[in-house]
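Alright, structures below, take your time with them.
Look for chain A in each of the two complexes below; its partner is chain B in the first and chain C in the second.
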Partner chain A sequence: MSNNIILQVEDLHTAFFTRKAVIRAVDGVSFFVREGETLGIVGESGCGKTVTGLSLMRLLPEPSGRIIGGKIIFDGRNLVELDKQQMRAYRGKMISMILQDPMTSLNPVYTIGDQISESVKLHQGLPDDMVEKEVISALRLLKIPAPEQRLNDYPFQLSGGMRQRVVGAIAMSCHPRLLIADEPTTALDATIQAQYIALFKDIQQKTNVGIIFITHDFGVVANMCQRVAVMYAGKIVETAPTSVIFKAPRHPYTAALINSVPRLDRSKDDRLDSIEGQPPSMANLPPGCRFAPRCTVVQDICRKQEPPEVKVGDEHSVSCWRVN
Partner chain B sequence: MVRFIIIRLLQTIVALLGISLLIFLLVRATGNPIDLMRNPSSSEADIINLKAQFGFDKPYPEQYWLFMKGIVHGDLGKSILRGKPVTDMILQAAPNSIRLGLTAFIIGMVTATLLGVLAAVRRDSWLDNVVKFLAVLGQALPGFWLAIMSIWVFSVYWHILPAFGTSGPANYVLPVGCLAFFLLPGMMRLVRSSMLDVLDSEYIKLARIKGLPERVVIWKHALRNALIAPLTVAGMLFANIITGAVILENVFAWPGLGKMSVDSMIARDFPVVQGITLLVAALVLMVNLLVDITYAYVDPQIRYQNT
Partner chain C sequence: MSIERKKADDIVKGFKKRRTATLQWNFLIPVAVLSLLVLTAIFAPWLAPYPPTQTSLTERLAPPSFMEGGNPAYFLGTDTLGRDILSRVIFGARVSLSVSLLVILITASVGTLIGIIAGYTGGRIDAILMRITDISLSFPAILIALLLAVILGPSFGTVVLALSLFGWAGYARLVRGESLRLRQADFVSQARITGSSSMRIMTRHIFPNVINPLIVISTLQIGMVILAESALSYLGAGIPPTTPSWGAMVSDGRNFIDVAWWISFFPGVAIGLVVLSGNFLGDWLRDKLDPRLRQL
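Moving on to the complex of A and B:
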């Protein structure tokens, strides 16, 4: 891992303009990713993880979804300012993304070979025989057995785990510098999940790709990420190196999330299975701290004013009144 | 794939046999066709003579055997009305119908697909609204009414298109247009809704993530998937075209099978009716076979399941 920052997101705001309401799904989010590093984005369902990922790709559902503020600096350029044509040149080549569900993210009517070579042809402009070599090397990178034979397979002929590897191969086929993995293992069963994560650690070693690993599972974070950003209701409430956050979480939400991870060294009664209550509706946020309605250590000020972000250590910041 | 085609071909032949039996029985179910042609002046001897001439004095199994033997030899009997071989009459009229029907089918399908896709891609745009309006209109308007109105507007009122005859390309515009309209609205709506589903899918998202231009995302990745559902009904839509052709050929005095079948039904010229019905049935089955093959080509899962 170098110190070379490839992605810097500054105060990103993304909203959905629906008939009923304006939903600020991402509401002032900042983080950065280094080359060869994995940043985890953790949070409960609906907190804006996927929308953050799609914002980076500039692939929000049209016409309702829009980036309404902030910067996405990738490789020295602000992606928010690029036009469609320019942005397309980044997608799949410089920045890739893996989606959550391997069963639906491959096109059912085209072969694996076709779906991978399409990217290679588009971005690398290679002659046909070179294309096939690249495709096979992408399949090899993802440790897909007998890659030559897989080229003519259709997605429905492969297992879920294998399909997700193919999606990985598509993502890695043009040697991107940043990979956004949106809960790529959630739909897989435990052993396959562990294999997939090990695989990506290995790929990262080989390619030095920077990874944003989106998950709702702190267990996965411990295994995969060097740093983590905890997201709640459209905001990042705490960001820290993984080792620090497990030892000393500063935000009550982070602590609760870590507490809800099954651990061997704790008895069942000691463990919260999930956090009490529901996250707020994104169309109707409470004033002050968004976590206040569920927070066990809430104070008066929490319900009135939003807590500012405070730096509490090396690459460790928290937004919580308790921390001041 | 080859096995799939062979199996479907065998199924088609079995269905064709079944249909031939059905037609054979239906023609005879309403009583002896010769009895229906009886007129007060014909003598008992004339009737017996006629029956013998058309083979109605023989037992049913033998009649069916002769009927089938005839079909195999391309002999569909003689027209009662004209005395000409039915095969010759059909061969004369069929090209007119095929030109009309096929052109309309292709134009209808292609236009419906194009409009359906564009409407889905530009959802809620003016184009989408036009497509939705056309779909409702198409379902509400009877085909013959549309045909008559188009004659009135384009031929009678504006004098820009001929209403009758088959001499030139201009003669095709109205009949083909009206006939295409028999399947356009339904197909268009199907393509549109199927396309909307597909555009919402994860693999379309992935296609965009790869950086593919929108043109490739829509016309390669989305369209092929979006056609799977509408294709299942394309065979039925072809049957629509045939119904439509029968109506329109009569409205436009188009010298094809549709007009011939109505004329012979009115005249109770049963060998002709029998022949045309058989031909149409065979045609519908053939088109369904073609549709199934296309379907298997478009959707690899079908191709692999059935082999």
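Moving on to the complex of A and C:
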């Protein structure tokens, strides 16, 4: 892992404009990713993880979703300022993305060879025999057995795990520098999930790709990520190296999340902790800290003012009044 | 070997045999019928025993030759003006087939284009295109066709234009609905992720996925178009009456159905054959185009 930052997101704001309300799904999020590093983005459903990922790709559902502030600096350029055509040149080639459900993210009417070569042809302009070589090497990279034969298979002929590998092969086919993986293992069962994660660690070592791993599973985070950003209601409440966050979480939400994960070193009579209440409605946020209504150590100030982000250690920062 | 094992083996064997034996029939029969009709249309002047417009008033309303009182010179009998039904059916294939083919080609292309653009782009463009479609659907097509016939004069071109002018709306509706659904599909997001342009997504990803319903509708349309053409002919706004067309022949015989059923019957059979073959062919094509069924 080098120290070379490839993606720097600064104060990103994304909102959905609907007839009823404006939903600020991502509300001032900042983070960075280094070459060859995996950053985990963790949080409950609806906290803005996926919207963050889609914002980076500039693929928000139009016309309701829009980036309304902040910078996405990739390789020295601010992606927010690019026009559609310039952005297309980045997608697939420089930044790639893996979606959650492998059963639907492949086009049923094309062979997988066709689908992988589509992106290769689009971005690399190679002659046909070279395209096939690239496609096969992408399939090899994802450790898909007998790639020459798989080329002519249709998606429905493959299992879920194999399809997700094909999706990975599409994502990696043009050697992107950044990969956004949006819960790629959620639809897979536990063994396949472990294989998939091992596979991506291996790929990362070979290609030095930076990965943003969006998940709600702390187990996956522990396995895969060097650093973690915990999101709650559109904000990042804590970022830290993975080892630190498991040992010494500083934000009450992070601590509660970690305590709700089953662990081998806890007694089996011990009940798992849960976090009382529901996340706030994004259209109607409480004043002050967004976690305050559910926080067990809440103070007066938490309900009045939003806590600032405070640096508490090496690459470890928290937004919580308790920390000051 | 256990009994169950033997049973299972027999089923597998039976399946294999059936596959090689039956696979082709649902394709061969409609293709044979349709190509026969197309060939008939092309070689009509050589095949027909008489010119289609030749009248012979002494032989009016002659029943088919195989019936009692039939004239051996007129295999399928004659109509009210003593014209040979067989010759007219053979020549009628030209008009009926070319009109329906042309109209389906035009309406399917225009409808698909509009449907995909509306469904995929959404928003204001969708709203505008769909309102135009609604207007087109709500107009009384026959009335406009009559108007066109009055303005342009009844001709082959007028019929094609009149039928195309309204036929596309159904396709547009269907394709728009499918595109709307497909736009949300993950594989479309996947295509956008790899940097495909909207144009590319519409042609490469949306279009192949709407082909199946398109084919089904198109094959059903064959019958509709032939019937619509006959309605126009009946009203005098269709192909000029000297040119034989199946639809016009069916309506010509309507008043004589009790005394000379053959005038309407044989062109009716021809229409039925085309429609049925079209449907069978459509079924076969749909199975062929669906990769999930291709293995069987």
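Basically, the second predicted complex is superposed on the first by the 318 of 324 C-alpha atoms of A that agree within 3 Å, B and C clash if a C-alpha of one lies under 4 Å from a C-alpha of the other, contacts with A are read in each partner's own complex, and residues count from 1 in each chain.
Quick note on the criterion: a residue touches a chain if its C-beta (ideal position, glycine included) is under 8 Å from a C-beta of that chain, and two chains touch if they have at least 3 such contacts.
What you see is a predicted model; the values in this text were computed from it and never measured.
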Chain C versus chain B on the shared chain A, clash or fit after superposition: clash
Contacts of A:Asp101 with chain B and chain C, given as first, second, both or neither: both
Contacts of A:Glu306 with chain B and chain C, given as first, second, both or neither: neither
Which of chain B and chain C A:Glu35 touches, first, second, both or neither: neither
Touching partner for A:Tyr90 - first (chain B), second (chain C), both, neither: both
Partner chain in contact with A:Glu132 - chain B first, chain C second, else both or neither: neither
Touching partner for A:Glu44 - first (chain B), second (chain C), both, neither: neither
Contacts on chain A seen with chain B and repeated with chain C across the two complexes: 57, 59, 88-93, 96-97, 99, 101, 104-110, 118-119, 122-123, 154, 156, 167, 170-171
Chain B residues touching chain A - in the complex, by the definition given at the top: 201-203, 205-213, 216, 221, 224-225, 228, 298-301, 304
Residues on chain C engaged by chain A in the complex (per definition of touch): 123, 185-187, 189-197, 200, 204-205, 208-209, 291-292
List of chain A residues in touch with chain B within their complex: 57, 59, 88-93, 96-97, 99-101, 104-111, 118-119, 122-123, 154, 156-157, 167, 170-171
Chain C contact footprint on chain A (complex, rising order): 57, 59, 63, 88-93, 96-97, 99, 101, 104-110, 118-119, 122-123, 154, 156, 167, 170-171, 174
